[in-house]
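Below, chain A partners chain B and then partners chain C, in two separate complexes.
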Partner chain A sequence: MPRLLPHVSSPGGVLAVAGAALLAYAALYASPYELRVLTVAGVYALAAIGFQIVFGLAGALSLAQGAFFGIGAYVTGILGSRYGLPFPVTFPLSLLLPFVLAVLVGLPVLRLESHYFALATLGIAQVVLLLAVNLPDLTGGANGLAGVPGIAAFGVEVPRGRPLAAAVWAAVAAGGLLAWWMARGRWGRALTLVRDDPLAAATLGLDVGRLRLAAFTVSALYGGAAGALAVHTQRVVSPEVLEFPVMVSVLTIAIVGGRGRVAGAILGAVLLLHLPEWFRFLEQSYLVVYGAALLLAIVVAPYGLTGVLERLLPPPAAVPVPPRAWAERERPAGTVLCVEGLSKAFGGVRAVDGVTLSLEAGRVTGLIGPNGSGKTTLINLVSGLERPDGGRVVLNGREVTGWRADRLARAGIARTFQTASLPAGTVLDAVTAARLDRDGSIAAAQAHAGHALERVGALHLGPRDGAALPAALRRRVELARALAREPAVLLLDEPAAGLTDDEKADLAARIAAVAAGGVAVLVVEHDMDFLLPLVDRVVCLDGGRVLAQGAPAAVAADPAVIAAYLGDAPS
Partner chain B sequence: MLALQLLLNGIALGAAYALVALGFVLVLNATGAVNFAQGDLVMAGGILAAALAPLLPVPGLLLLPLVLALMAGLGLLLSLAAYLPLRHRPPVAVFISTIAVGIMLQNGVTVLFGPEPRAAPPLLGGGTLDLAGLVVPEQSLAIVAVAALLIGGQQWVFGRTQLGRRLRATAQDPEMARACGVPVTAMVMATFALAAAYAGAAGLLLANQFFVTPTAGGDLILKAYIAVTIGGWGSVPGAVAGALLIALFEVGVSSVLSYPVALGALYVTLLAILVFRPQGLFGEVARRRA
Partner chain C sequence: MRRSLAFLLLTGIISAGPARAETLNMPVLVPLTGFLSLEGTSQRNGAVLALRGAQPPGVTVATDVVDTGTSPEAAVTALERALGRGTTVAVAASMLGTQMLAMLPLAADYKVPLVTVSGTASITEQGNPWVFRFFPGDAVTKEAHARYVVEELGKRRPAVIYQTTAYGQSGRAHLAERFRALGAEVVYEEGVDPAARDLLPVLSKALAARPDVLVLHLHSGPTALFLRQAAAHGVEVPIVAGSAMHQPSTAALLDPAEMKGVCAETAASPVSGGSPEMDRFTADYRAAFGTEPDAFALGQYDGTRMVLDAIARGARTAEAVRAALADGTHEGLAMTYRSDGTGNMAHSAVIVCYDGTSRVPQVVRRYDALSGSTR
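After this line comes the complex of A and B, so read on.
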């Protein structure tokens, strides 16, 4: 992210110098035609900034940005040329209609897998284009509408040329600053986690659907604003503004410029809008070049030009924030989580079949059973990643059966995964993500994340790349991330897998310390030497049912448990 | 009688859509990624057939093998340029690279052949048969027969041959297939070739009745995408059934109202299906990763 007061040799500095050069060119040298190209580049930059939020940050491939652009254009075009309404009326309405459409389409599909979102947004684009061509009484049909007035508000008219270019680029600057400010805060971080690992985001208390919907509607606002300004520039509106090349241009600008970066959107727009000017001999085939540029960028430089810039001139490392403990709260003793008759079937397989168990504050419960006995499914049910078919889950006296993962996470359930994957980025950032819904600022979240890392003895890993850590260290960081949630219930899925004996002893001590703080802990584990001394109770599953539960020694000696593990009757 | 006529038209259109959707879902299963260029490949096949026709004045049926072969070659190029360099990246990268290839195809064709609509020759003849009062265009019957043959051929290859077993293994679990000695890269390339060839066939079939313009691909990719979604993401028979359903819906609603209304209604129906039955009408095959 470019900083506001950059060091000149940083990417931000290079971009600031480039921006100043562009400004000087526009103010002093550019011909009327060149100013027009720059103005159109500004329009596309604005549309692409919105696209950076929904696609670059939130990772949802929207194919509707062209449609929002076109709808904004038509609202301004129709109201301006048919009804003579002024800019202060048409501009807000050009933002409102795309926004409403984004809510209506986004609500049903944004919780689904991303390919359904791409389809739904592609559908909007096709339907809106068809409407524009086939409603000639409203839209002027294939010919469109001419005579759209320029920008005029409160008695001031903005004439073509430098004033219009300045107005459009002022909008780009305002929109860009707003987007940059949103991207660098808690909301931007939450979106990138939703993009990189939606499953982890949900278990860290982030409402994935709502975040994606917010990003999508914001992108619609930017698209509508860009479309309105485009029509004020062209003074005519025709179905061209709704055709797929607009969408492709925005996508190409964002990818070539630099995915997720506001500066990338601006850089890409200026560059790609000038491409046809620099290569006049291409004439109508400039879109072939756009296609080639898009393909080349996605293959060779997936983070675009700003990504290349950041690699050539790496920004100085962030100053580490000193860790700070959060205020420990009083935790009620006794039963925290009650599971009664919980069931889940996949097709004909009853993965969890009427399981009843309870977890108590300050106690560690072990969950054992052969592979496929339903341990992970049980954790998925309790943490909300799967919905139970039957039974009840009660948390702190409140029925929470069938709640979504993010709601359960906010209610106090935290978990780790068997695979322990961390998103790309630093370890500190990964743990900071767990505090986004609790702390008021990024700095506070980072300080508390540092504390969580300290508690598992991993503070020194903070600046390292999480995705590149060996599995044993990833598990440790994941545990810190779960602790940062200050959970009432902690569910650990095979936390000791792949650890050495020393590391296991260290891990056991840390888990015991967490439980001593009043947390109800459930540990799934195969290693009995690790598990039995650690836990207060053991529950053994087999075929989705509870085979035995009780004190560790008693369960370990239970003939049925031994038979289930060895697959043979004890002799 | 009108209903029967519409049914016939719908089935002929659906047969061509089914070829498009089939290519889409085969690539989806083999790579886990959406091939967004599938609609533009159909367009390219149609334009290719229309461009070859004056050079080779033979019925469309004899042009078909040539179009299939040339399009298969294009499919191989597509996999080399837009899939293989991105195979270890998230599926969205392939989505974007195939958008890029689609836009290159679309505009490349416009530059080479111009933007005007073109027609491909009919498969056999342009006449109609009169079956008990029902006007049956020969082309419609030929479309259904050719599509049935091609889809049947795909089912036979996948179900009964060593090549088909390898292709299915690649689609089910590429890592495991590679461990078992299946040449996964070659199989993925073969899948792209097959998908492009079937798209080309669909282009030849559609370009006779409906003409073809360089921008026709956008509408077709949407239809294929919807067909695969309502048929159950990843299901091959579901994709074919979904394509038939869409075509019948489109022909039925268009006959009473108009094509724009039909497309609008199709889209609203799709949104409703996504809300109430996101796994598709027949159930999702591609298991989500947990």
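After this line comes the complex of A and C, so read on.
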């Protein structure tokens, strides 16, 4: 029977004890002032939990969380004070409006690179702030609106002090549990991979854009909820709720508490909201001490307070899930992938120029050529990381030209990268990520990931940190991750680079076994000793064009290939 | 035995000593950091100077100074914290309108009077009996401002440049209403962000509207920037600024020549003198804090002294202090204070002008018993 409560010596146990102590303090000892600080800490914890989803999990530095907070605050403020609407009406609307705004602005801005995305989201916050200040008939202008009622629903009013603190922290508990449940599930893991390696995530079938948009909108819901509760706590709403210090507070809470962790958001909020109060006796000097304390916290605990806890009290190793093979699907025979006249130029350089080739089920095709001949670009075009300028790609009889990487991955194309890199975390987690869109649960995905690792002889690596593995093992794990996709087409970009002869032989055998299972395999490789015995057919590129293709021996003997790439064998 | 009794009696007399003074609290919760730190520090200094002066007999009025920053949330937290300690009879409360609006419900819950110099009109429009403003509200100062422009300078085409803050928007609304009542046509209006680093575009657009007077309602820094740029471009249209201009800290940012002919409205100008009591206040202020006092310091000083007078006359509870403030009259250094029934205690304003040779302005016009009403 699984243990329901964490052991007290685990991070979860420590946090549970700390939570109970905080609860006892609030229930039994806290003065009205201390309860107010706790209440405000709860409000910021809720906003920071949402921010952890978009920033901590999805890795998008959204500076709009303060704007969502402020919009939620203004919806509650305007509807509550101007129109006298009750909490059951204002609260959902305070979540809805930030959500709608997040959907509308998320679609264009989430395509931007990280720093441009941050600037764009900051711009959203500034626009909303300007509107709040310059629409006085609606928002009360720079003065804001006073007379916002407290929380009251169905005839029950929540007075300030202990009841209000309880209400706010109940919202934090509910929001925290929901975020924790989402973070540890398939969605949370997918977001983590999007954060750590968006290209790999896309090639593993994850819709990066949709995932980021979902994270952005969920964070907006939390921001709106926090803003609404803030206004019920203060009873006024003014442009300060939209100003940058709110965003800075949320960001600092997330960093100090521990990026991506719900517990980090709560710990960070409680600490950061209390720190200024502890130093208040220093009058004007308190900001200096407060700043120094924050700096110290970041230097001493770069991974946040939860990071320190996890370092001091490492969580127990997860119980290994037994590998389980997936149900093999019947694979089509014959030509699986057909590339016709594919072209791609970068400025004036024609990286791929009218390439035509086909991959057969159960066959291994080698792709060779000098550096810069277009091999990796061709793989990127076929796997959707680049969009072709011309030509067609047909997969299992269906044209898939210009499809996004995640869509192609779901259609059956898997690939590895020239530089094998795995995200931080266990090897099992890295391979499990490849099954997130296929399996109904994390347990099933882990069992199938174990099977993929087993197929490449790397099951024993499961608990190890993938990012810390030597290159050869990383390549093997990457192959397992690609196999876990159950691909119809497998594209391997220099899989033997850096391997010893024994490792190459082992890899060749495993690739051959994969092909024997009905997969069409394309191998880009410079090591002819490794490649030529393995492949059924070779395509040689030069200057983006097909220089030669055919049986390995014929291509290797082709004078044009020798002149352009292989060179004369030493006498 | 007799010796022992005598010893015990003596010990008892010594330990009893003089009667212990009752301690009451009047915390000072003002913005010492952020964009209002200069004004907030003046406010703090005024309150502290008053509390350091003669204490009511038999009572010690203690104070804690707490920085409220500029967020309503910090102000409310500071108020809740202050009210949890001892017997608080009044609070010297932030001059920032949004902070006051946030503190008002809590003050009403705790039944503690807030004594402030905030000019934001709406703080005394909430029907809250616990707020007392010892600084003329915008309705009063803008009446003086507009009347001086129209009645004394004879100008009819003002251009109004204001700040996009609570202070600025409130002042703009009152100026517009007052100019309309006086029959003047506002030919240009523009709100300026406090962070703006170049006001020349605004100045150029205002001049293009061909005004006969430039009316400013800006914070300290933007006021100084505007005047410097106007002087640099040889603007000859007269300028009548808002109360920020009277602050010595604003004048310190400018050369006297850049202020030549510039006038400003304010509640008072302590550095301009006017009475021996005012001169003594200014001297004490300089000695205590090493800076020049302004109208905010003087207003908070007067308000705090009125609270201390109420205590001296027997008020020992917050309710008693509130009643004294609501019903009493106080002869302060700046003016005579009396509530209009909503907590507005100050009903006078002055116009000061700079002669171009000194940073100390002269009071050129005084307006008393202003109602702030256009009706």
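The rule we apply is simple: the second predicted complex is superposed on the first by the 542 of 571 C-alpha atoms of A that agree within 3 Å, B and C clash if a C-alpha of one lies under 4 Å from a C-alpha of the other, contacts with A are read in each partner's own complex, and residues count from 1 in each chain.
The criterion applied here is as follows: contacts are C-beta pairs under 8 Å (C-beta built on N, C-alpha and C of every residue); 3 or more make two chains touch, one makes a residue touch a chain.
Predicted, not measured: the structure shown is a model, and the values here were computed from it.
When the shared chain is aligned, no partner comes close enough to touch A:L97: not chain B, not chain C. Of the two partner chains placed by superposition, only chain B is touched by A:L295; chain C is not. Counting residues of chain A touched by each partner, chain B versus chain C, the larger count belongs to B.
When the two complexes are overlaid on their common chain A, residue A:V248 makes contact with chain B while staying clear of chain C.
Of the two partner chains, chain B and chain C are each touched by A:L287. Of the two partner chains placed around the shared chain by superposition, neither chain B nor chain C is touched by A:A505.
Look at A:G147: by the touch rule set out above, it reaches chain C but stays clear of chain B. In the superposition on chain A, A:N134 contacts both chain B and chain C. Residues common to the contacts of chain A with chain B and with chain C across the two structures: 133-134, 245, 284, 287. Those residues of chain A that touch chain B in the complex are listed here as 59, 61, 105, 108-109, 112-116, 118-120, 122-124, 126-127, 130-131, 133-134, 199, 243-245, 248, 251-252, 255, 284-285, 287-288, 290-292, 294-295, 298-299, 302, 380, 385.
Per the touch definition, chain C reaches chain A in the complex via residues 32-33, 65-67, 70-74, 76-78, 80-81, 83-84, 97-98, 101-102, 104-105, 109, 120, 122, 126, 164-170, 191. Residues of chain B that touch chain A in their complex: 34, 81-82, 85-86, 89, 91-93, 95-97, 99-104, 106-108, 110-111, 215, 218-219, 221-222, 225-226, 229, 233, 258, 260, 263-264, 267, 270-271, 274-275, 278, 288, 290. By the touch criterion stated above, chain A contacts chain C in their complex at residues 31-33, 36-37, 40, 133-134, 136, 141-144, 146-147, 160, 230, 233-236, 238-240, 245, 276-277, 280, 283-284, 286-287.
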